[in-house]
Amino acid sequence: MAQQELEIGQTADFTKTVTEADVVLFAGITGDLNPAHVDQVWADASRFGGRIAHGMLSASFISTVLAMKMPGPGTIYLSQNLRFTGPVKIGDTVTARVEVAEVMPKRRVRLLTTVTRHDGTQVIDGEAVVIAP
Amino acid sequence: MAQQELEIGQTADFTKTVTEADVVLFAGITGDLNPAHVDQVWADASRFGGRIAHGMLSASFISTVLAMKMPGPGTIYLSQNLRFTGPVKIGDTVTARVEVAEVMPKRRVRLLTTVTRHDGTQVIDGEAVVIAP
Amino acid sequence: MAQQELEIGQTADFTKTVTEADVVLFAGITGDLNPAHVDQVWADASRFGGRIAHGMLSASFISTVLAMKMPGPGTIYLSQNLRFTGPVKIGDTVTARVEVAEVMPKRRVRLLTTVTRHDGTQVIDGEAVVIAP
Amino acid sequence: MAQQELEIGQTADFTKTVTEADVVLFAGITGDLNPAHVDQVWADASRFGGRIAHGMLSASFISTVLAMKMPGPGTIYLSQNLRFTGPVKIGDTVTARVEVAEVMPKRRVRLLTTVTRHDGTQVIDGEAVVIAP
């Protein structure tokens, strides 16, 4: 969407189940083989009681909403602030949601960005600034 | 490393060439099929003159340094702020670097985080707060 | 590590859970679609009672320790002998371990190399010769 | 093939081009992110003058021939000795070949195993012992 079609309070979202294959591939692409992600024995004994997904994997679903839905294809990412507030385990279904917070000069848009587990627990909050297409 | 081994100014880094395979897999895992990443014809005509990698892919290499090098395995991510300051094209070699900025109570550590292309151009800057192992 | 930092008896290791995704991807990369790895019906009726990982996948974790930990980045692989002494099932967590056995002229190092399941069963033993960085 | 169908001197082979995607995925599965494989700038300055494939990736094609062709599906791997005699660069086409060297009691078979680049340079030699199906 062009910037003039965006109004404060508009939302868009994307939902995905985080599978073991996602975590294996994400570890491979990034080189982040933290035992919390790739060593089930270590992870079972950790504070999370099992393997968790990379925080940046869940955060990436925010980028997916921005690029695919609102503002949509052609969006340019300027900044993203992230607070990681809970873990995502393999098998969890999460929803990334963005909400227009401010429409600024030069096609800039500020959005509130969250990722939430299916049980309602927020796992990421923060905000993004983008250039609308 | 435990928090008491960390000193302000200490750095660690990770370098990787961002390949087409990385971008294809990242698009598949995240669902972010922005034409800037997956449509070469569209991308060639865009302001970047070619396909670029997802900003969150480059950002994820920061997580790799935190988890694999400093503070290392067992690190828990609390927050990450990101400013995207330049594009990464397919084939670019990038270096993610973290530098200890503050050692805080309760094993918290604040780090300056950057990602830089091999030609010296900074593509991401920002900062992270983690719990050291 | 440079060769002069290595002493007989020094060890390093790497632990990873072998997931179904790992086996599927390894089969795809190598073309080894042995029914023991990709045909659950066949594998359930086999002597192993289920799908097993490729022996060379478990063996590759030895290369990971050599390249990432000891001697570390820049190591050149000269030879590797492998005896496969037990199966690794999908879901098993395995540890590859290397131990310096001999420090030789011309930066050569000989290492004992094993892969062990979490239950303590050795699945690979053998030895490697490398050129230290 | 059953063991009684195997004769000394029989051969089988498998040929594959080693692509960048193969190397990226192999690095991810194994955790071996040696800069020789994933950092083009480092690799260009190394003795090999470019990124090379993991030695164990090329070695795995031997397993492919054993499992898919001779002796074929159901083969059990007992041992594999490997000498790495040359590098494989991304884009090289390699052929893994096995040749029956000895037919032994209890369905054991010993085979000579090589991997050769398309230009004729041998990159791996060694031998395997397997149980025929």
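Note that the chains are named A, B, C and D in the order they appear, and that numbering of residues resets to 1 at the start of each chain.
As a convention for this text, contacts are C-beta pairs under 8 Å (C-beta built on N, C-alpha and C of every residue); 3 or more make two chains touch, one makes a residue touch a chain.
In this text, all values refer to a predicted model and were calculated from it rather than measured experimentally.
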item	value
Chain C omitted: connectivity of the other chains	one piece
A-D against A-B, pair bridged by the larger set of C-beta contacts	A-B
Furthest chain, CA centroid comparison against chain A	D
Type of chain C:chain D copy interface by residue overlap (half), same or different	same
Between chain A and chain C, centroid-to-centroid distance (C-alpha), Å	35
Separation of chain A from chain B, taking each centre as the mean of its C-alpha atoms, in whole Å	15
Centroid distance [mean C-alpha coordinates] between chain D and chain A, Å	40
Residues of chain D whose C-beta touches two or more other chains	24-25, 28-29, 31, 33, 35, 38
Contact graph of the chains (line, ring, star, complete, other)	other
All chain pairs that touch each other	A-B, A-C, A-D, B-D, C-D
Interface residues, chain D side, partner chain A - complex	24-25, 27-29, 31, 33, 38
Of chain C, residues touching chain A in the complex	15-17, 19-22, 24-25, 91, 93, 118
Residues of chain B touching chain A in the complex	14, 16, 22, 25-26, 28-36, 46, 54-57, 59-64, 67-68, 73-75, 77-84
Complex contacts: residues of chain D adjacent to chain B	19-21, 24-25, 33, 35, 38-42, 51
